[in-house]
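Shared between the two complexes below is subunit A, which pairs with subunit B and subunit C, respectively.
Presenting the complex of A and B:
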């Protein structure tokens, strides 16, 4: 019983971490086809912004979080203005965006490294304490991440489904040319999506860094996991991403428990390859499957 | 073909002359490393540029070549000359498997899956702590773990050659791999197989409807691009006498990716040009090594946004303009000859 609870708790924690790092990524990739390899950099910038706010400026936790969100919005908007804007009309938009954002990721990593150093820091913006559930200690941070990931995912799904802005985003994702002809301000939609995605990434960066530590390279691992969640779930399905994140978290926790920690990720990868052979557009994906 | 020989031959002569004209250890070392990376990038270009499959698994294939070579040398006592080819073959098999795994995916999905494969290999190696054999009182892991795989020796040039020229052995071995790799890639790109790759890249549906099987050609391009990548990995392992997980760092993959992008994706001489350019830039950035990543990243962004055809595309555009100008100049002098030539 205790073992089951332990696996469940660590699985849910992992799942929540994956889910929260997936949201921003899934929005930009699923909705407007920008696979943002700098998403890890967004996470890191958000985490360090909160750290800087709390440490150097002496801000309280909510203000530090607000500063982090502001930093995320700024970085997202800057990504649009300095990179994405110029690439919208090029031939291989989807793949070229990957390469350009890889470049951005390197720039972010280098700047953070020079500004804060490589030494891992402790995130001061956090909730202390925890609770015991069936002899397993659960930190409040984990519960907060779980709640935040579910709330944020539902909020984004609601915005996409119900608001005017969400309708514009979906229109652009379905057919950019047609959306433009119908009077949808396509460029503004890209700017909006990247800004929102930046804010979400920055906030999740703060939360993730409370469980791990702040380091200039801390973004890569959650980003890779988030990609995997997106790929398994299929694009354009927020709830699917939520299920996939938790399923993968619990799977990884069980494999780590029964086979050893080092096989957690490889087992996940194997499962993913098998899943993709079965359904190339993800389990919940709506893509048209073509036979080639 | 003749144009390729005209470009390649002078470069080869130059590469042969350089170590004799400039026999410092530094130059020979840097050039050897350049040959190894350039060989990998020319092969990666086949998958990435010519076939248009966004694979990021090239360094994993490289590492398979290096590790298999090292392990055969260490555990079975093979000579590295023999182990090298086994390493190349292992890389081919591994790469074909990666190709099968990505078969039904496209675009960004392939990039993510292959990136995850590379990352998994890296994690499995650095978390390897089980004792595989004991060396005195120190415990050694099967893959060498974080310390890297060592103890399998090298290609034996130190015994074969006089001391002064010992470093030339690895230099010319790496050069030989690069030459055959380049010749192989030129041959593939100019052959009907290369046309099939390009057809599948440019219009998959149409290519398939003309009878070009995706399964066959995707396997073929993954397998074909792996042989020389694996051999380059083997040369790397033999040259440094240690094979480590540092070859699987994301930054290493991105360094080689930058070579391809900046050189010109899908162009025959792009990878070589890009590898040379990036080695030089990297050398220049050694003065300000703490900003190396920033420099790399900035170059990637600027090239993709402003100049997606890379240096090779730029050279070609200049060459075309120059040719047009010379034709025009000729026409101004002898208009009747140009007119008759046109007919």
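Presenting the complex of A and C:
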């Protein structure tokens, strides 16, 4: 019982973090064909923004979190204005964006390195304490991460399903030319998606740094995990990503508990290989049918 | 060439292409209010590209397009539809994962169209009752004929004055083609100005006011549809019929 609760808590916390890292990535790819390799950089900037807000400006935790979200939005929007916007009409947009955002990721990492140094920092924006559930100590931090990521995902789902902006995003993702013909300002949709994705990444950066530490390179691991989730779920499939993230979190926690911590990541890689063999388009993805 | 105040659309010396392949080489035509004009000509000679230039999906490299007296050349597609140019594209370009009703509502995305959405939806369902029956169905599960109807209905939801229809008979069974053309005729009676692309001359003889024959990116003949048959040489050269 005790073990099961422990694995569940740790798995759900991991899953929640994977989910929120993935959702921004998945949204940008699914809606506008941007496979954002700088997503990890967004996340690092979000984490450091909260740190800077709390440390230098003396902001309270909620305000520091808000500052982080703002920084994420700004970085997302800037990515559109300074990079993506100029590439929209070029051939092989999707491939070129990958290369351009790899470059961005390097810039972000080095800017943070210059500004804050390479030494890992403790994230001051956190909730201390915990509670005992079934004789297992559960940090409030884990509960907060789970709650925040579920809330964020529900908010994104609501925006996509119910708002005018969400309808436009879905339309662009399903058929860009048709969306244009309906009067959807497609460029604005790119901006909106990148901004939302920036906010989600920044918040996940704060959460991640509370359970690990702040470091300029801390974005790579969650990004790798986010890609794994995307591959398993089917890239661009947001709801699939949600299930896959939690399933993978629990899988990783179980493997770490029963086989040892070092087997957690190999187990995920094995799962990718099996997925690619069994369903190359992802568990929740659909095969692409081309009609001629 | 028409040149009076009732001119809805005027295209002059339009040049356009993809990469280094020029498709339109100085294309000129004009449509008067309420006219149904058909563009015929062999495949791959610029009919679809012309429509895509007018609606803003393709940016021409030269020439002029005027709609309602104002230049729209080089504007973005979402601005052009807001001015009243509705493009029903080849291959329908539906939103495959949305329901029929949601596809129609996407047609009313613009604020101006959204305000009139309820009335227009009623009109569309009246004109195309099959869509109402299937309003909760996902668009990708529709038959070819139904998809075409949905593409037309979605276009009508935008509202406007000029309808660009690209090969509405493409890939459909004869009975569905007949239905599509009866719908187009009734749209014309409702006051739309229509520019229609069609490969099959026989389809348009009875409904078109004028015909433009297009070859290698230029207009090579213009006239009333029935007089086309007085020019057997044109038919033979350009359409091979």
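The definition used in the following text is that the second predicted complex is superposed on the first by the 283 of 292 C-alpha atoms of A that agree within 3 Å, B and C clash if a C-alpha of one lies under 4 Å from a C-alpha of the other, contacts with A are read in each partner's own complex, and residues count from 1 in each chain.
Definition applied: a contact is a pair of C-beta atoms (placed from the backbone, for glycine too) under 8 Å apart; a residue touches a chain by one contact, two chains touch by 3 or more.
A quick note: this is a predicted structure, and the numbers were derived from the prediction, not measured.
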Contacts of A:183 with subunit B and subunit C, given as first, second, both or neither: second
First (subunit B), second (subunit C), both or neither touched by A:265: first
Touching partner for A:135 - first (subunit B), second (subunit C), both, neither: neither
Touched partner set for A:170, first subunit B, second subunit C, both or neither: second
Partner chain(s) touched by A:94 [first = subunit B, second = subunit C, both, neither]: first
First (subunit B), second (subunit C), both or neither touched by A:220: first
Winner by number of subunit A residues touched, once subunit B and subunit C are compared: B
Doubly contacted subunit A residues - partners subunit C and subunit B: none
Contacting residues of subunit A [partner subunit C, same complex]: 164, 167-168, 170-171, 174-175, 177-186
Complex interface listing, subunit C residues touching subunit A: 55-57, 76-78, 81-82, 86-87, 89, 93-98, 102, 105-107, 109-110, 113, 154-155, 158
Of subunit B, residues touching subunit A in the complex: 54, 101, 103-105, 107-109, 111-113, 115-117, 119-120, 123-124, 127-128, 204-205, 208, 214-215, 250-251, 254, 257, 261, 290-294, 296-301, 304-306, 308
Contacting residues of subunit A [partner subunit B, same complex]: 29, 35, 82-83, 86-87, 90, 92, 94-96, 98-100, 102-107, 109-111, 113-114, 220, 224, 227-228, 231, 261-262, 265-266, 269, 272-273, 276-277, 280, 290, 292
